[in-house]
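As written, the chains take the letters A, B, C and D, and residue 1 is the first residue of each chain.
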C-alpha cells in the first residue's frame, strides 16, 4: 500500500493520464467466486462520465471498461482483475498554450517541482480523469459489499453555499447536481450557471452514508475506518476537508452532549457518524467532504511559467464549472474500496 | 504499512496498552548518520505526559523513554530504532467496575465486536495512552526534519467553542491549554473548569503549521501529503474532522477567490494550506483538526453491558476534562512521521 | 508488496491469464527523467516469445508491448508506467478436455483447492505465459540499472544433466538453448530432442551473473539482496532450487576455505557470490536456479479429476520440451526488478 | 512488508543488536482469542540459546522473553504482541580489536558500505543473535498453527559433509547437533571437534518438514509458498542455498520421472516437496537449506580495515564451530511465520 496502490487485502493499483492512451486499474484480492457484473461497472463509469449536463465539462469520453483478467465465465477467479479504459477525446492541442505555465489552484507546480518535468496535457495524472479507474475498481468493491448487505450513497449536501433543506433519496440521480433536495437543486443550479457565465466556478459539500455495516470493521491504530476513509477522500484532488458524524461541531459540544448513549435496543443517537475508536459501531457511517471550486476558470489569473516569469492566463479548454456532481460516484467508489478492504481484513481478526 | 505500522520509508510500528507492562515503538528506516538526541525524545514525552495541570488527568506516569536499539555512540546506525516506555501507575482496580460495560463515546463496544473480547483496563490499546509511543517516534522524525529545515508547531485554536483572536507563538507553551492567545486561554480555562466541575468535558480545534517544507513532497495518488496527514490525524481516537487551508470554507468560495495566484516572487495567498494536488507547494502547511470532548465523564450515562443489558454508569477514574492541550504534541509527532516519510520517498522521485 | 505486487520503491503489479484478453504490468516508482526505450522492452519480450525454435512451444504470440501511461515524450514522468500485451493465439479448444482434470506437476490442483474454481484454459494465471508481463517490467528496470552501470546476464549452465564446460558470452544468444558452450549445446539439444520425441521433457540449471553492482545494496534483515532474489526466483513456477556463490557446496567446506579473504586490492575469491549478510559486496553477484522438467508431457499419466475420480491423461496441446532457454530472460528480468528496487531503497540508507 | 518487517496478515517486526540493551519483536495480526503460552515461547528460545554444548558459543545469555503487550488473561487480544529479550552477557571488550577491521565472510564490509558506519560490537544487527527475536515470534506463530493441525520439524541432515543415513524423530533433540541419526551424529561431532581444534568451522544442510498443511496455502504470484519460505530462509545470514522437494536433482530428471501422479487415494510421490505453482498440495512440505561454515574462525585471515589497509586477523571471541544445531529452531520459527501468514491470507481467498 503506497503511492498508486491502495488497500491491504482488497488492493487496487491505478494508472493513466488525462491525455495518454488509457487509464485503468488492477484489483488484487477479489475473493474467488464473486460474480462480476460488467454492466454494473459500466453504469458506475457512466455516472462519472463527462458531458452529461450543462454543469460538467463538454469533453466526450465513452469511458468503456474492458475487463482484461481475473474473471472466468462471469465469476472472479481470485487472480488480479484488470480493467482498461481507453481515452478517446484527447484534444491535446487545447493544452499547448499551458505547456510552460502553472495553472493556479492546480497540481502543475507541485508535479514540476517533484518530478522535474510534467505531462502538461490536461494535467496529466493530476487530472480528475484519473478517478475513472477508481470508479471502475470501486464498482467491483460494491459488488462484494452488496453480498454483505452494505449500501453506499453519496450526494451533494451543499453547492455554492446553498445547503439542502430536505432529503429525498430518489431525487439524487434526477437532477444534474446529485442533490437530494429538488428545491435546493434549482437554486444551486442557478448559482453554478451564474459562476460559469462569469468565467468562474463553484464548490460544495458532499455527504456520504454507508448502511448495513456490521460493528467491528476498521483496524486500529493506523488503519482505522475513519483514518482510511479520510486518506481515501483526501486522495481526491479537490477535497479540502473531511468530517465524520457531527465533525467540527463536536468540538464545540460537551461530552454529555456528544456521547452516544446505548440501551438494550441500540444507540440512541449517532453523533459519532458510525465510527468510534476507528471501528464501525453498526450504525450508519456518515461523513462529509469539502470540495473546492474547480481551479480551471476562464477569468484572468496571475501565475508564473517554468522559468519563473510572471504570466497572466485565462484557461480556455473544457472544464466543469462545478465538480461536485461528478465527484459523488467517486466518493462512493473510494468508500467502497475502503470498506471492502476492511471487510476482508476483519476475517483475520479472530481465531 | 498496515494496522499498527505507519509509513513506507520511515516506518513506525507501535505497541502497548494503557495498563499493560509497557508501550513502545520500532522505527525502521532512520537514515544512518542521524545524531539521535535522547533528551529531546524525553522532552516531547514530557510535553504529552499526564498530570501536568488541572486540565489533565491525575494519572502519574514518568514516561521514561529507553532506546533499545538502532543507535551506536549517539548516532543512528540504519537498523531499527526501538524505544520502550514502561507503564508505572496502572491502577487497574479503577476499571474493574467497567469490565462488563461499554463506556459511551469510547471504543469499548467496537473492540468487543471486532475481537470478541477486550482488555478493559483503561481502554487497553484504545486508550489515548497509546499515543506516547507515537510521540517518541515523532521526536526522532523531528530530528531528521530539523536537518532539512522543517519546523512543526501545533496549538489550541479553539476550546469549548472559544476561539483565539491573536497569535503569539511564545505563549503556546506558557498556558496549560497550549493556546497562542493568553486572553482567550483564560476564558477557555474557565470553560474547561466549569465543565469539569459539572462532571463533564470539552473539546476544541487544534491547528498545526509546518514551515520550511520544500515544494515537491507528497506521493500521488494515494499517498498525497494531505491524504497521509489526514490518515495520521484520524488515527487519533478523538479526532472527528480535518481540513487543510481554508478547508470547509473553500467549499463556499468561487474559483477566482480560492485559487492562490503566483508571481515571480511566489504565491500571493495560501488558501490551499500549502498543498495542491497532494504535493507540498513550498508555502507553510496549515491544517486543523476537530477534537471531540473527552468521552469519559462522571455524569450518569445510559449504556449496555456485554450481555446486552441496559446499565447506567458514572465513570470515576482519572480523566482529562479537555484533551486538547495533550493532543497538541501528538499532532506534531504524527505530522513529523508523515513528513519524514515523504521526505525520504522524495529521494526516489527523480533519476 | 504482496500477492501480485513486487517491490517497495520500484514496485511492479502484474495481471493476466494465459487465455484471457491480455497480460500486463503496472510499474510504480520509475524515477522521473529516465528515458524509456520501447524498442528495448520489445526486444526482451521477443527473447521470451514462444515459437522461436524446435525446443519451444509452437504457440504463436506476437507479444507486442503497448505503453499505456507514465511516459511523455519518451521519458518517464514519475507516474505509473503501465504496459499492455494482448493475447492473440488463444486456442482454448486445446484445453477443453482438461477442464475437469488436474495435470500432474502443474498448479491445477492447488488453484482449485485455493480458490474453489479455476480458469483451466492453458493453466490460467499459473501458466508460464504470465511471465511476459514480468519481462516487460524487467526491461524498464534494466534501463534504470544501465544508468548505474549494472549489467545482468543469465544462461543455461546445465540442461538434461549435461553441464557446460566452457563459457563464451557471445555464444549464449546464438544457440536455441542459451548455452554459453557451443559443444555442450549440441549434446543438450540432442537430449532435449530425445525427450520430446518420446513425449517427455527435460529441465536444467540456469546461472545468472550481475556485474557492476556497488557494495551496499540489500536491506537487512528481511529484504536482503539474496532473500529478495530467492523470492523472485521461486515466484517462477518451474524453479525448485536457488543457491548463491558456492551454494550447497559451501555447506561441505571449512570456514577457512569458504571465507573470501580481502586485501587492499579487493576480494581474493568470490565463494559468497557477491553477497554477504544480505548486502552486495561489490563483487559480481552469482546465483543458480534449478529448473524442473516441463510438467506438460504427452506420455500417459495417472491423475484425478475435480470429482476425485482417477483418470489417465496424455497432454496434447503445445508445450516446451525444455523451458530453460525461455526462462533465461525471465530470470534476468526478475533480477533486474530486485536490483532496481534495492538501488532506489539504498538512496534512503544514509542521512 | 519491508526491511525489518515480515508478513502481510501475521506481520512481525524485529529489532535489536548483538551488544545493545535488548532484542525483540512486535507481532501484528495475532488473531484475538489465541491462547498464548509464554512458557512455550521460552522453550523455543531455550532451544536456540547459546552455551548449550561444546559445539556452540560459550556466550551466556538467559534469553528471557517478556511479553509487553497484546495478551490479556493469557489470551491474545488482537493488538500487537510485543516481546522483549534483554541482552545480558555483552562482553563488548572482546570486539574492540575488530572495530576497524572487516571480518572475512561476515557482513561487516557490507554494513559499512551501506550505512557509512557500523556497530562493530559482535556484528551488531548482522549477528546471528538477532534471530532470537524471530524465534520468539515464531513460537507464537506455532501456537496459531497448532490450532490448525500444522507441525514443523527441522533437523541437521548433513554436517561437515557427513549425511544422515537414517531418520529417528526422537533422536533429533537428543544429540547436540540435532541430527536424526545417532550414528551419523557421532561422526559429525568428531568432524566439528576436529575443525574447532584447528581453529576452523563447519557447515551443513538442514532439512525442514511441515506436516498437516491443507492444500491451498500460498499466494500467486509473488507470495507463493516456496517464494516466501525462500525469502525467509535467505534472510538468515548463514544460508547459501534453498531447495524444495527433489530440488536441484529435479533439474536432471525427465518430466515423466519428476511429475507426482495422483490417484483417488492422493499423490503417489512427493518430488515437488508439497508445493506446486507456489501453493501447498496437502502433502508434507519438504525443503533443505545449505548452511555455510561459521565465518568466525581463530585461524589467521587476510582482510582490510576501514581505511583500506591490508590486515591479518585471528578472531578470538566466542563463536559456534558449527551453527547448524542452533539454526534448526530458527528455521522452524521462520517457517512458522510464513505458514501463519499464508494461513490467515487464505481466509480472504474465497467469497
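In this text, contacts are C-beta pairs under 8 Å (C-beta built on N, C-alpha and C of every residue); 3 or more make two chains touch, one makes a residue touch a chain.
Fair warning: this is a prediction, and the values are worked out from it, not measured in the lab.
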Winner on C-beta contact pairs when B-C is weighed against B-D: B-D
Identity of the chain that, by mean CA position, is farthest from chain C: B
Whole-Å gap between the CA centroids of chain A and chain B: 26
Distance between the centres, which are taken as Cα means, of chain C and chain B, whole angstrom: 46
Distance from chain D to chain B - Cα centre to Cα centre, in angstrom: 38
Residue numbers of chain D (touch at least two other chains): 2-5, 8, 14, 29, 32-33, 78-79, 111, 114-116, 125, 220, 349-350
Chain B-facing residues of chain A, complex: 1-6, 8, 14, 102, 104-111, 113-116, 125-126, 130, 158, 160-161, 195, 200-205, 214-224, 226-235, 237, 239-264, 268, 272-273, 275-282, 290-297, 299, 301-304, 308-310, 346, 349-350
Touching residues (chain side chain D, partner chain A) in the complex: 8-9, 29, 31-34, 76, 78-79, 144, 147, 220, 344-345, 347-351
Touching residues (chain side chain C, partner chain A) in the complex: 2-5, 8, 11, 13-17, 20-24, 26, 28-29, 32-33, 66-70, 72, 75, 77-82, 84, 111, 114-119, 121, 124-125
